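Structure below; questions to follow.
We just call them A, B, C and D in the order they show up, numbering each chain from 1.
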């Protein structure tokens, strides 16, 4: 009996570690949704594809698929920058012309962009799952950083968690203590008033996309390393789950996205471990649906718009 | 003027309060409208006039107060009887929570019982509880405390139960119920999340979501029509369709009647077209039946909105700034129109800024300022009321 | 007046239609063989789906991203009933439609208060859940093995083996659906939907019970989707969870976005253009590219929203 | 040369012809007012000046150069700032942040800090609560915040849209005295008001607007005694 309990508790702890890792990745992606939604009230469906792009570009740069092979950290940096740029382009090409259009039109466009980008990746890189060559990524990633009995925490997991925490803190600082952050919050509250104050709304929105997409790119790379798998539909599932996390926390709220990511990551890992592994995806959807139904604004969300 | 007061009381609002977060938009406003009267409601911008209208026809849910309209109470109260019910359901909650406790202690039930418990407690119980929470959350702080205790117990039990399900993985207690993969996690989540969410975050929203208030469409059926301050037409429908929609609440045809073209449905369709045309003729839009509502000029849109409200056969018509943005000629026409509506026996409650229109039309005027009723009386009385002059009319 | 109304009320419109319908099934014998007929049947299936989906985003203005869930639900209902009980299609079709309607209501009821974006997300999640259940509940659906060997449709004891017979069957279903949709659209029910789409508050204030009419729309839309699914299962004779992926939802959405949301003719036209196109692309493109034909759809949606948000046949006069 | 000149400005809001050829001019150092009924197009005129709405026809000249085709932020940089109708402060930002948003276009930190103190001097209420969220202020205080926010951009021309809207009479007086004081500092003011009496008493020159057109213009004191204005807008 006792050994059984011990076994279970180490299983539990291992699950906890995995859940936190997954949660911090979801949080990183979710923040991208939340920032864009907070500022222009658009669900950027294509955000998941930016994340996928991050993974693919870092993969290509590492393996020299485009003719240049970069060292690991440089490849990561370039990939993140490309993602940020892609986010800005996405906004300019697809969303900016629709700023004043009905929200449904913008939402449909976002879905269209998502499909477009995903299939573009399919065209360029093919449908097969790719994995990073062992010799090109730093070797210590998969070595254990911490070990208690059977519970192993790899360096990669530590890095993922630390990166997530660091980026979140940085983001909070940017949003709350810089001129740009102030402008972002002002636009979120009243776009017209902000532009009456001399804010170039388009430019600030571009920065928002750049930041959110950059974070999405980081998350993509981390996930690709974590599961050692890169494939075109990876953004689709991760995107949906991260969106669920954002909604769970209250879309538009950055702390909400972090909390939501954490909850969802844990729910998925524990649900998969204890209830049914084939339904671990379903758990994300179920959690999301239930939260929307019970609390349409999420945990930290703002009040509903007044009806009348 | 007094001769009209003989009409019976049609609408009575008693100490109506509406709060938005910390802001009290309407403070204990009482008002009555008798059949056939024209009543004015004036006050500075932001005085809560439109909010008051919204409360009357249930677009907004009043925080407290009573409204009776044509013999119907529009806001239901928590009565003594229902509070007893609430107390009992709270006790039931406590018992149900106790039911979970043995699980925490690790008592091993016979398998049949275990199955039964799994299915019952997780699915129906969760739903049942949420249903019961509904009246509870409308109630007093002590019940909230009780609920928080339940929630904690629930949470602990559910977690330990999950733990046990892994422990006893070989016990296939879900077998009875074919849809367990959907139901069990769903029910568990409901069980854990719903009460917490309901309790710890913004109760008033829950109240609004589950409140017992009548909805606007039911009130329209009782005979209250309204127009809006910022015109709300169905802009991509034709003028005729807009007014036909006003007939909606007076027709009955259902899905099958419509699909199979039953005689009653056809007759109703013809009738509503006829009545709608009548209403449009009444406001002088009879020539533009097929134009798009959004293509009409501003003044015509206002009249179309009135025609739409008239098509619902109201006993009382709420007009929210009908003359806003109209030039003097148009507002003169509007005055005539309102008089004609009144002559048809429809009581009117009207919000208007244009004092000239108001003095001309109203039998009695109520003045709101900062959500409070500061004066009421005949136009002449209002004109000379010191408070009103201070708050609204100016020297 | 709606373009659709004008179109469908004119006699001129029906004569060529009738002629086309009568001639079409004989064409393959001379010219293209069963392949053309297969594409034509598939197009009709998607026409039904487009009409069904159109009810929710087009008429009530709520974006439904999970329509394929009902398609799958109908297909599995019909497939399993047929495989297990060998019931006639004329019994299976209404049952599948009813089951679809039931789930449409179940999905719709809790979502009534949600605004546009959130509604879209919930519909998406719901359909993913349906497909997940189909994939995982092996005892019921055989999961990823799919359900093979579903009997072909029958007609008074005759099995409809010929492609043209199936073509006529789906054509008949399409006409029934079209008839129902058109009837309802020009009735008080349809007007109530439009009112909800245009302005929910104003709709409430003229006495439209918004919740009820949304539920009716969800039920009707889901029933039509399930109906199409039921036919599809009997016609294709094999169903598999992978046939009902999210992409299909998007494809159907594409059809009505292309045609013009809310326009019945538009929905039909959208299917008439896009479905044969996808089939042609499937053949024309090399194998590795054919998977990427959705790229075009994505682009199509984006461009439509940018330059012609009202679709090819806008409901509203410009 | 007038500081700002509107020449035959037309604006269509969808199908609605909201501005039907507005002509208006204002000279440096003046207070001019634009009065008229609800929906006459007064706010639309201001939004057109601030480039939130782009007029389809006509021209808006500022210092003799056209403002058409410029982005809203360029207009603010040029020294034209608007206090929009309904105040539209940022409710979730603190008072200080709201004011800093007003100075968004400016870069010199020291000058901004000095102006911040100037605004707090002008509105001591704001200074006391600089860390509080803007949404917690009362209507009158929000109006002060909105005016202070606009002043932070160092405008030459201040566009005020219904500053007295929904305020208690006492607060209205206070706001008007503040406007007078701002004008005394040499800032040109274009005031849009429904409270025609107060506006005309304050202003040098007035325009009367009706259904998208200026139907009457004259020095303010003349308008105050004009029979038509009296009847339609002063309620006498």
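We take it that a residue touches a chain if its C-beta (ideal position, glycine included) is under 8 Å from a C-beta of that chain, and two chains touch if they have at least 3 such contacts.
Keep in mind that this is a model prediction, so the values were computed, not measured.
Report which of B-D and A-C is connected by more C-beta pairs in contact.
A-C
Quick one: most central chain, C-alpha centroids?
B
Please work out the Cα centroid separation of chain A and chain B, and write it as a whole number of Å.
Their C-alpha centroids are separated by 39 Å.
Nearest whole angstrom, what separates the Cα centre of chain B from the Cα centre of chain D?
Chain centres of chain B and chain D, defined by C-alpha means, are spaced 37 Å apart.
Roughly how far is chain A from chain C, centre to centre by C-alpha average, rounded to an integer in Å?
33
Which integer distance in Å separates the CA centroid of chain C from that of chain D?
Each chain's C-alpha centroid was found; their separation is 54 Å.
Going by the touch rule set out above, which residues of chain A reach two or more other chains?
Residue numbers touching two or more other chains: 276, 279, 282, 286, 304, 307-308.
Two or more other chains in contact with one residue: find those residues in chain D.
Residue numbers touching two or more other chains: none in chain D.
Give me the residues of chain B that touch two or more other chains.
As it turns out, chain B has residues touching two or more other chains at 59, 181-182.
Hey, which residues of chain C end up touching chain B in the complex?
Interface residues on chain C, with respect to chain B: 1, 113, 129, 133, 136-137, 139-140, 179-180, 183-184, 187-189, 191-192, 194-195, 198-199, 201-210, 216, 220, 315-317.
List the residues on chain B that touch chain C in their complex, please.
Touching chain C from chain B are residues 57, 59, 178-179, 181-182, 209, 215-218, 220-221, 225-226, 228, 232-238, 241, 244-251, 253, 255, 258-259, 261, 265, 268-269, 272, 290, 292, 308-309, 311-312.
Along chain D, where are the residues that touch chain A in the complex?
Result: residues 50, 52, 71-73, 75-77, 81-82, 84, 88-93, 97, 100-102, 104-105, 149, 153 of chain D touch chain A.
Residue numbers of chain B touching chain D in their complex, please.
Spelled out, the residues of chain B in touch with chain D are 44-47, 294-295, 298, 321, 324-328, 353-356, 369-370, 390-391, 393-394.
Name, in rising order, each residue of chain D that touches chain B in their complex.
For this pair, the touching residues of chain D are 14-16, 37-40, 139, 165-169, 194-195, 197-198, 210-211, 232, 235.
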